[in-house]
């Protein structure tokens, strides 16, 4: 069985958006008991991440680390057509994930207790983002 | 066809554990000729990695690099509820993988000669870790 | 339905090779309307990446960032059997992806307008690389 949905999200600029509930809803509609849910962003300047859903400081600290590894306006960058956060967003995308899979069991996402699925906007401005969710299984 | 198993591993603290054999065993039980094996950790402070299985110094060097990119007790971290290796473990999880897929062909994992699948514990203390393996295909 | 193909590529040493067309061809042959295309390198010193396909400076800048995070001949490395780019290639592989999934819809890859699939050679010398493409769905 295969079920696919394209979700649209509006981000408010750099930061994480919890999309666990939206992905879970697609899985519930799929009618798949056991299999995989694949989540994919159709963009190269935002990404997806599974991380701790309890303390928001975790995501704040992850942002701090990425800002260090991929600083805005790095003089080494040649690509800066859309401003100082353009190339840093591509670097952040490279170091994280464009797509991820979550196992499905008993008709629902088999996430651990502390795992949430986040859409991570890497551009400083607000953007509209398309996320393709594909559920495969039996 | 879909086959799913949840494996439990006891880690001895920070470091890698070769789980290739355990994943291969689930694939053998699945009765899938061609498809995918998905491996997933239900945690946000350990991860999965495919890397060289020959020289253990490779994994030692990868550990050295992660310690540099995600140092324990970094003064920039706000989240330190469980000690100096708490937030660094989440950073290491972000920079590596919560889940991975390996192709299945001829009923077995299509890994290259030098590829092994490793469970990577990022906390300094021993932990019990759940790994969900899902095999899809025909 | 499951379709699998093993593609062979010759790299010219460190750098990216656009393999979007080759992966799309396997998807077209698969006869899968909706599902997933999984792409996997059977090696630990090259990787796969989805990034911007328009300005080649993006890939050049990503190379610059990786050279900073994973320098050749780092004195901290113990593993250097095949030269100064041996261990750095494994680090680059760890920080990027051994495999990736792209959703399939309407019988084709559901990539965003600016997304391309790249094989990323991390060794400085030319290599022959095997890429397994698996298409699952209905």
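Just so it is clear, A, B and C label the chains in written order, and each chain counts residues from 1 on its own.
Rule of thumb we're sticking to: a contact is a pair of C-beta atoms (placed from the backbone, for glycine too) under 8 Å apart; a residue touches a chain by one contact, two chains touch by 3 or more.
Source: prediction; values computed, not measured.
Counting the residue numbers used at the interface between chain A and chain C, under half appear in both copies, so the two copies meet with largely different residues.
Relative orientation of chain B with respect to chain C corresponds to a rotation of 120°, obtained by superposing CA atoms and rounded to a multiple of 5. Note on chain placement: the centre of chain A and the centre of chain C lie 20 Å apart, centres being C-alpha means.
Shared interface positions of chain C, defined as residues touching 2 or more other chains, are 36, 69, 95, 97, 101, 136.
Of all residues in chain A, only 34-36, 49-52, 55, 57-58, 60-62, 64-65, 68-69, 95-97, 100-105, 110-115, 136-138 touch chain B in the complex they form. Touching chain C in their complex are the following residues of chain A: 1-2, 4, 36, 38, 40-44, 69-70, 76-79, 81, 87, 90-91, 93-95, 97-99, 101, 130, 132, 134, 136.
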